[in-house]
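Shared chain: chain A. Partners: chain B in the first complex, chain C in the second.
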Partner chain A sequence: MSALALELTLLGLLVLTAALTAVIRDVLAATVVFAVYSLVLSLVWILLRAPDVALTEAAVGAGVVTVLLVATIAKTSRPTDHAELSVRWPSLAVIGVFAVGIVTTLPSLPAIGDPTAPIHQHLGTYYLETAPAETGVSNIVTAILAAYRAFDTFGEVVVVFGAGIGLLVVLRQSGITLQPTTGSTPSTTDPGLEPSTTDPHGESSTTDLGREPSVITTTAIRYIVPFVALFGLYIAFHGAKTAGGGFQGGVVVAASVVLVAFGFGIESTRRWLNDTVLTAITAGGVAAVVAIGLGAMALGGRFLEYTVYPIPKATTYGIELVELGIGATVTGIVLVFFFALVGNAETPPGESSPTHTEESK
Partner chain B sequence: MIETLTTRYTYVVAVIVIAIGLYVLFDRNLIKKIVGLNIFQTGVFLFFVTAGYRTGGTPPIASAGGGPYVSPLPHVLILTAIVVGVSVTAVSLGMVFLLYETYGTVQEDELREAIHE
Partner chain C sequence: MALTTAVVAGLALFGLLFAVVAVVGVLRFPDLYTRAHAVSKSDTLGVGLVLAAAAVASGSVGVTLKILFLFAFMLVTSPIAAHVLARSASLDGVEAWQVDPEEREEREETEDDQ
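Let's look at the complex of A and B:
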């Protein structure tokens, strides 16, 4: 009974935070409420016995997405309305009709948790029964991800990699590259830019965070970061045995670097983690997956068919290597997203940007 | 109706979340729209993972004599969807920034005016 109470409380919180995100006018406040929403959602995943999804949701939804959103808000405008909350009644009417329409179809679905539901009769059951013996991996989610649906996962890593390149291409148009701007040029603040901190002297600071971070922040980060990074690596390496895997671990490792950047300055972190390393991690992960896949073909098998490798427990090792490749790419790409969106908005000195004119006044 | 609520309440929540996501997608602010996209997709995720749940099930991590497990397949699909989702978010935010650089606004209606000028 108490489990049901907990579930209903979390679901109620979920709807409440989602609704608050919708009605709060201020974009920054809505983003913060959305982060809370993601955190509640990751608890719901645990109740639904989906620990892998919970890990990813907590790291991606509440972590990375929030950072990216806040970064974009800080660099663009944050329109301030007089009203703090507002409801657009016409939109509400439309989605009301939409929701009622879908809810009327729900009775034809099997009840939640029904063991005789079709989803528990076919493919999922097959994986549950055969995967541990066939792959030697006890986390069935990892087994499906990196073995049975390996080709799908490979395509997805390529999509993530492509998104990183796409973002760089988009931002290059506005004069941003991943290259650190040499020399700490004091930012000639964008007219519409609102510093994310309350410091009014944002342009005279030594870091690009708008002010010198407090010693408490830097000390705390100094102690927390090694553990966060270690935890991320553990999730990535141990994903075959327990909940976790390349995606989750990669994001957590990237989060530790993001923490360093917030504590010690984004530009200096970017210089420390130079482009070559970042590119090597990101492309290396994809390259590793491709190499494993093509290696299997060279030995007469199909793409990513681990069993043709003449070593014992080839599938287990194949899964783990592919997971590590995914982890490397995800780490690299999340950092590319972060540095591209948070990085300095200026054109490096001496390089004029022909693609856009300064009409953003 | 009552039966739907007592046995399928998580699906109802999923539909509500999807509807709220759709509502946020109608917002004039482009960044808010992207938040809406994220809410919308989590509603779909909730639907999938709920479908894979089974009463008394344990997480799909095999152990001797364990089980019954919840269905692992939706977890795999959603895991990859979350990561693709963050990629979509990042690229869209980049585009929003580019629009802001060019037109000086992130409000849909002002943007439309600026483009027509």
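Let's look at the complex of A and C:
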């Protein structure tokens, strides 16, 4: 009874926040509501006994995506006008038909956790019974992801990598370069508030918003970041035993760097990290997965067939290394996205507010 | 068993009360600074009490330890988030809410009359 009440509350919140995200005209408010939607959704995943997905949802949906969206709004514009909400009836009709189709199909699905459901009859049972013994990994989600379905996961990493390259190409097309621009003036602060202090290295110690880093913030970040980064690595490595894995852990590690960037200045963090290092991490992750896969082929096996490696527990180590590669690529890509969108790059004149044109429909 | 349930329910309800106080503060207070104040203070305590309820409900040392770490994390991050918010607002020139001087005089006069 109480479980049903909880489910209904969460689902109600989910529908409400989803609708609000679509209806709210202020993009910043919509972004915040979307983060709430993601958080509620991650709770729903936990109710559905899918903690791996819940972790991803919380880290990516509520965390990184929100940061990237807010950063993009800060970089471009925040359209709050166009308050009137226009409805396109043909679109609504298509959505209506689709919704009716889904709702009428739903009752024919098996109940959640029903052991007699078709998906639990064939392959699922096999995985549950043999995966821990065969792979030496007790989190079966990870075993399937990085061993049985390793080729799919390899594809996913390549997709993430490709998305990063795609974003860089798009940003470059629109004249936003990855190279830090020198001598650009902070645009969002009042002239009177610009601090004049410089750090010992002769560089301006201001963050990119033209502010001195606050002592309270930097001190706290100094203490928090090691724990956050360690937690990210824990999620990545311990994904073999508990919920988690390279995707989730990679995002958390990236989040710790984002924290440093917000506290100590985005451009100085990027200079400290160095674009070359970032590129190496990102490409290195994919390259590691490819190397493990090709190494198996060189030893006479198939692509990513861990068992051909002449070491004990080859599958377990293979899974861990692939997870590490995934984590590196995800960390790198999230940071590439972050620095490309938030970094001190200037929008070329004439293209200052691309969101306005989209919003005017 | 019943005692544990009562303790858990009591802690959770008490925590919820502080969360409600925070929400009321956000809705009723006039400017960013007072709102940040309402959220950071009452929400930290509210979350702390709900976490305590979760620790009691779990009845396990391992989970309680993790919850203690969570609470320590909350204790550090929540006030700093409020600090960052208020500081950026201040640097952006967001003015703190004040009672209008004329309005204050009027109010004091009416209070004197009564």
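Definition applied: the second predicted complex is superposed on the first by the 293 of 361 C-alpha atoms of A that agree within 3 Å, B and C clash if a C-alpha of one lies under 4 Å from a C-alpha of the other, contacts with A are read in each partner's own complex, and residues count from 1 in each chain.
Heads up, the rule we're going with is that a contact is a pair of C-beta atoms (placed from the backbone, for glycine too) under 8 Å apart; a residue touches a chain by one contact, two chains touch by 3 or more.
Just so we're clear, the structure is a prediction, and the values are computed from it rather than from any experiment.
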Query raised in the report: Touching A:S214, do we find chain B (first), chain C (second), both, or neither?
Result: second
Requested in this report: In the overlay, answer first, second, both or neither for which of chain B and chain C A:G300 touches.
Outcome: neither
Query raised in the report: After superposition on the shared chain, which partner residues are touched by A:I333: those of chain B (first), chain C (second), both, or neither?
Result: first
**Report entry** Touching partner for A:A243 - first (chain B), second (chain C), both, neither
**Finding:** first
Query raised in the report: Should A:A50 be classified as contacting the first partner (chain B), the second (chain C), both, or neither?
Result: first
Report task. Using the touch definition from the top, say if A:P310 reaches chain B (first), chain C (second), both or neither. Result -> neither
Query raised in the report: Hey, is it chain B or chain C that touches more of chain A?
Result: B
Report task. May I ask you to decide whether A:A18 touches chain B, chain C, both, or neither, giving the answer as first, second, both or neither? Result -> first
Report task. Pick out the shared contact residues on chain A: the ones touching chain B in one complex and chain C in the other. Result -> none
Query raised in the report: For chain A, which residues count as touching chain C in their complex?
Result: 188-190, 193, 209, 211, 214, 216-217, 220, 223-224, 227
Query raised in the report: Given the complex with chain B, which residues does chain A contribute to the contact?
Result: 8, 11, 14-15, 18-19, 21-22, 27, 30-31, 34, 37-38, 41, 44-45, 48-53, 56-57, 60-61, 64-65, 68-69, 71-73, 75-77, 79, 88, 91-92, 94-96, 98-99, 102-103, 106-107, 109, 111-115, 117, 119-120, 123-125, 127-128, 131-132, 138-141, 144-145, 149, 152-153, 156, 159-160, 163-164, 166-167, 170-171, 173-174, 191-192, 241-243, 245, 247, 330, 333-334, 337, 340-341, 345, 356, 359-361
Query raised in the report: Of all residues in chain C, which touch chain A in the complex?
Result: 73, 76-77, 80, 83-84, 87-88, 91-93
Query raised in the report: Can you list the chain B residues touching chain A in their complex?
Result: 3-4, 7-13, 15-24, 26, 29, 31-32, 34-36, 38-39, 42, 45-46, 49-63, 67-76, 78-80, 82-91, 93-98, 100-107
